[in-house]
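Same chain, two partners: chain A is paired with chain B first, then with chain C.
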Partner chain A sequence: MSDALLPLLIALPLLAAIFPLLFGLRFERVGWPVAMATSLSVAGLAAWLAWAVSPWSGGSRRFVHDLAGYPAPYGIELVGDGLSALLALLIAIVAVAVLVYARTTGPDSNAFYSGFLLLTGGLLGMALTGDLFNLFVFLEIVGLVSYALIASNDDPRAAYGALKYLFLGTAGASLYLIGVGYAFVATGTLNMRDMATELAALGYNDPLVQAAFGFILIGFMLKIAIFPLHTWQPDAYTYAPDTISAYISALVSTTAAYALIRIAYDVFTVDFFAANPLITDAVLLVASVSIVVGSLLALLQTDLKRVFAYSSVAQFGMILAAIGLQSETALFGAVIHLVGHGLMKATLFMGAGVLSSAYGARTVADYAGLAKRAPITSGMMAVTGLALVGIPPSVGTLGKWFIALGAVEEGSWGVAALIFISTLLTLTYIGRLLETLYFNPLADTDDAAVAGDATDAVDATDDSSFVADGGVDRVATERVVVVVVLALSTVALFAAADPLAAMLDPVFGRFFQ
Partner chain B sequence: MSSDRLDGDTNGIARQRPMYTESQVIMTTVKAVIPFVLTYGLFITFHGTSSPGGGFQGGALVASVVLMIAFAFGIESTREWLSNSLVVGLGTVGVAIFAGIALVPMALGENFLDYTAYYPVLGDTLGLKEYEFVKYGMEAVEIGGIAFIVSGVLMGLFFALAAGVTPPSGTASDAAEASDSDGETDVDDGETAGDTATEAGENE
Partner chain C sequence: MTDFLGVVTTRHAYALFVLLSAIGLYMMIANKNLVKKIIGLNMFQTGVFLFFVTSAYRIGGAAPIITEGAGPYVSPLPQVIVLTAIVVGISLTAVGLALTIRLYSEYGTLRADALREVIGDE
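Now for the complex of A and B:
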């Protein structure tokens, strides 16, 4: 009965999304408890699914649930295997972490928690579906809710960022749909498994098949935010409320990248890449440009959230490069980097959110000397930043190492060199942040003076008890605790290479037959 | 975008709210038309499984009845007459019914949305054959799920748009919250806010 977990994982958050609104008619502030209870249940179910598909449970390694009982090529099926279970677990864990963080920061409306649950349900749907059109439906749910959540900030620039994301995101989803339409015309099926066999029979050099892949690839590049299609992403991440920046940066592009991996390797398969060297080279070229330009742009930013946003462009460039390399090692690195990047970006955005709500810091220069005032948060941001650079032991090391190793194995020395250069550039902008945090004296601005006066009286060392900018309220302890736990998890996952490999083994065995 | 539109209206709310003018022609026409539109909407909803139409189209027609009443008799008074609870209730209860119909077969040991799972339980009571459960199950989703959701969301959207944008400093109005009963509605809130931001940019 483990396959029953799949529809439950998707239906539970979507159903729970109505309760904040419904109870909101009677009571104030019911959104958080509902969202938290749901996310904890989803996390439990996701952990159960991950255990069920893992080699240690001894059961089946792949679960299929036919919706309404119609068998696969005709009906929609949900699929849980090692890869999708891993992603579902990541989504559930980040959702719980973000909710803990959101308890005191808000946005404190019941509508926000409804949107949050809808987004969680949509992301889980993308991770678990085995049908191309169903994937589009969930892609749209995720997109639509993301636009609304980003626009929920009071800052009018957030609305502008959301509008830009709305236009580009809708274009991306439409391109994906056109690609699926071409593939449907070519094969007459929408089921991923079935389409893989049909495409193999049709031949991978059919222009219709090539066009289908091209549209799907560009659609997802828009959704993932690969340079030059990344323009929506910095504004969206920067002006969204901190809670939502952390959630969206950690999961939305990640799930889209997962979907691209799934389609590239499960539907089109490595044989498609082998038959179309031009498309493979184009993927590698775009990915390489994205790695370098994303890192350089991150280096040029002054706003800290913008630095992290452009850094995502570079990190997803690496993942796209791993997709184009057709190497099992590189793809393993890509999956690790997907998970690791999600956790690291969530930590960094939350850490930046803690410091900005306490001291009003937005630009990198504003963070001068804050390590003395907020040693725990700063320390954890430093740990996570170094993990993002790829300093061992951290999950960032693993991901980059396996992608670079795969590139070397395939003889793509250029990609390996670019990953090295990008690492140096990452070190530069993270190093600049660390220098500002630890070695620059406190800036003598009004903000710092206000916060300083208030803080000196209370205490200057205990991280959790400093007074917020303007002295309105304190930063809640659990926000710092979440940052600490996530930061330590990025370090602890360094040891997880072998279990992850065991978990992904059957999936990769199918990808690289 | 002339700047005088903002005169004496610092938060830009009043200018977005059109004045209501009472018109005998519109009120009489709407009174004459709405029974037919409502009937047609219900017809389309109920015939969803056996003829063109369905919950989505029917729900939209039912919501259009409320829109017409609002245009004829004033949006504010219509909002008070309908109350937020009804609008939110329609959307949320629709989702609950849909999810309930889909999840109960799983409790009975069948697949998600598998209507035939109801046959052993309800077959004798309702006097239906097994294959008829597929038809009536779908009908139940169309009527209780989709039609409710669509009409609730459309009404909520309309009232939210009519209420204009919440000023950044104030708390969210009930109408704005009511409209957030679905992902689709969420987006349109985003669009509204986005449009306003663009307008503000042009005003500069």
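Now for the complex of A and C:
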């Protein structure tokens, strides 16, 4: 029964994506209810799946569904295990949170909600598929919808950011496809589990297999935005509408990184890394550079969304480093950091969105003294920012701790040191934001009025209506509530290490058998 | 040298895949014109499709419809993959061109360097 959940999770949002446009012919503002109903159902199904594969349900820990009834090596397989169920749950939760946030913020068009649902379906597809080519198709669905959603901002620079993303994203997906092609020529199969056995039989030092992994790795590095292939990401996150920045930054790179973990450990397996120390070293080197340079670039930015965007480059560098470490502890940290980073970035982008639509703040300097006007949102941004730094108790601590612990266990002291340095750099840029928010005097009201042109739906230019603590009054309450709930969840997840370990145990047992 | 000649003569389709992809990728990166960048991207993808189709080909292979005494067959799976990938490629081209039109109507230029200057991209 539970295996029927898998196709339903993907098909539901994809099919529902038609309705906002279809009903939009007759009614206005039908998109939000449709998207919300679908996302809530998806969240329910994802929670059910997560429960079904968890150790507490007592049932099977891995569900497989053969699409259209064609058995595994020939047909396309959908797989739900601890790892993919966790990702599906994260996608569903962030989708619901973003929708709550989007109700008053927009972009208020039925086309946006169609795109949103397509994106959700594509992400769930990436999380649940067990077939390499099917993964490419979902990767491209996610990519296409992301480009369109980013460009939906009124700011024409959004189209520029989206086009840049389109070029690099498509190149990344095509490189991934070349890698899959090589692996297919080498093994004659596209099913992940089947290919894992075929590759093991073929030997991991076959040049074709090495080339296949190289292309797949580079393709995903483009999609995840690892330095120096990150150049699309800051523009895309900065110029996209706030709602979409939050959604895309939380999930798109995250799901691509999940897919890389899945392919690296489920298809190529840890033996491949052991047999190819050069590739492993290259992964670690690129990851290390990404950690440091991403943090440094984040430090240099003035636009707050850009700070967060470059911070993602550093965080995904850590996740890539964990992939290269071949350590169970580090990979566990990577999965936690994947989930934690998604939640934290969603919170930070939404918090920034609340403050920017209320006060027109875009650059870090614009946030001067806003903690007095919007204490709740600022407080939650402070909590999440500190979680991103890794101050306990927070999910950021857990992720970084386990990655660093894995690095130490493997004797990679360099990686552990870099994570520590990056933490200090993160503290610097988050500290600068907190200082500006809490200790700098309020910006000149004239400046605030000029900056107000970037706002939507809220009358931010009307300074006569200014009241102390106006931050909450000026934007819809539910947007603040979402930020609060997500921020608190990043703290609460600090306690989730043991249940997560229990949930991921069979998956990791297979990865590191 | 003989190795190189051997590759060119017996694996020319693979050589063509590499050449087409490389030219397309170079065109996408180096050309300043946005439309030509999209053409380069298409060429890159077409090279990849060619690789898949080539990998399925075998000399004297029949169409993969099982009949008595026919065979060997060419592999149908890569062709299905390429069909799907072509659809994806067309959608990407459409989105890319739509974005280019938007940029042209906003800024009046198709040159990437001019756009970068106007937008202040670093």
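Here is the rule we go by: the second predicted complex is superposed on the first by the 485 of 513 C-alpha atoms of A that agree within 3 Å, B and C clash if a C-alpha of one lies under 4 Å from a C-alpha of the other, contacts with A are read in each partner's own complex, and residues count from 1 in each chain.
As a convention for this text, a residue touches a chain if its C-beta (ideal position, glycine included) is under 8 Å from a C-beta of that chain, and two chains touch if they have at least 3 such contacts.
Just so it is clear, the model here is predicted, and its values are computed rather than measured.
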{"item": "Which superposed partner A:148 touches (first chain B, second chain C, both, neither)", "value": "both"}
{"item": "First, second, both or neither for A:162, with chain B first and chain C second", "value": "both"}
{"item": "Touched partner set for A:185, first chain B, second chain C, both or neither", "value": "second"}
{"item": "Which of chain B and chain C A:115 touches, first, second, both or neither", "value": "first"}
{"item": "Of chain B and chain C, the chain that contacts the larger number of chain A residues", "value": "B"}
{"item": "First, second, both or neither for A:67, with chain B first and chain C second", "value": "first"}
{"item": "Touched partner set for A:21, first chain B, second chain C, both or neither", "value": "first"}
{"item": "A:478 touches, of chain B and chain C: first, second, both or neither?", "value": "neither"}
{"item": "Partner chain(s) touched by A:303 [first = chain B, second = chain C, both, neither]", "value": "neither"}
{"item": "Contacts of A:271 with chain B and chain C, given as first, second, both or neither", "value": "neither"}
{"item": "Footprint overlap on chain A, where chain B in one structure and chain C in the other make contact", "value": "144, 147-148, 151, 156-157, 159-160, 162-163, 166"}
{"item": "Chain C residues within the chain A interface of the complex", "value": "21, 25, 28, 34, 37, 41, 44-45, 48, 51-52, 55, 77-78, 81, 84-85, 88, 91-92, 95-96, 99-100, 102-103, 106-107, 115, 119, 121"}
{"item": "Chain B residues touching chain A - in the complex, by the definition given at the top", "value": "84-85, 88-89, 91-93, 95-96, 99, 102-103, 106, 110-116, 168-169, 172, 176-178, 180-181, 183-184, 186-187, 189-191, 193-198, 200-201"}
{"item": "Residues of chain A touching chain B in the complex", "value": "4, 7-8, 11, 14-15, 17-19, 21-22, 24-25, 65-69, 109-111, 114-115, 118, 122, 141, 144-145, 147-151, 154-157, 159-160, 162-163, 166"}
{"item": "Partner chain C, residues of chain A touching it in the complex", "value": "133, 136-137, 140, 143-144, 147-148, 151, 156-157, 159-160, 162-163, 166-167, 170-171, 174, 177-178, 181, 184-185, 190, 235"}
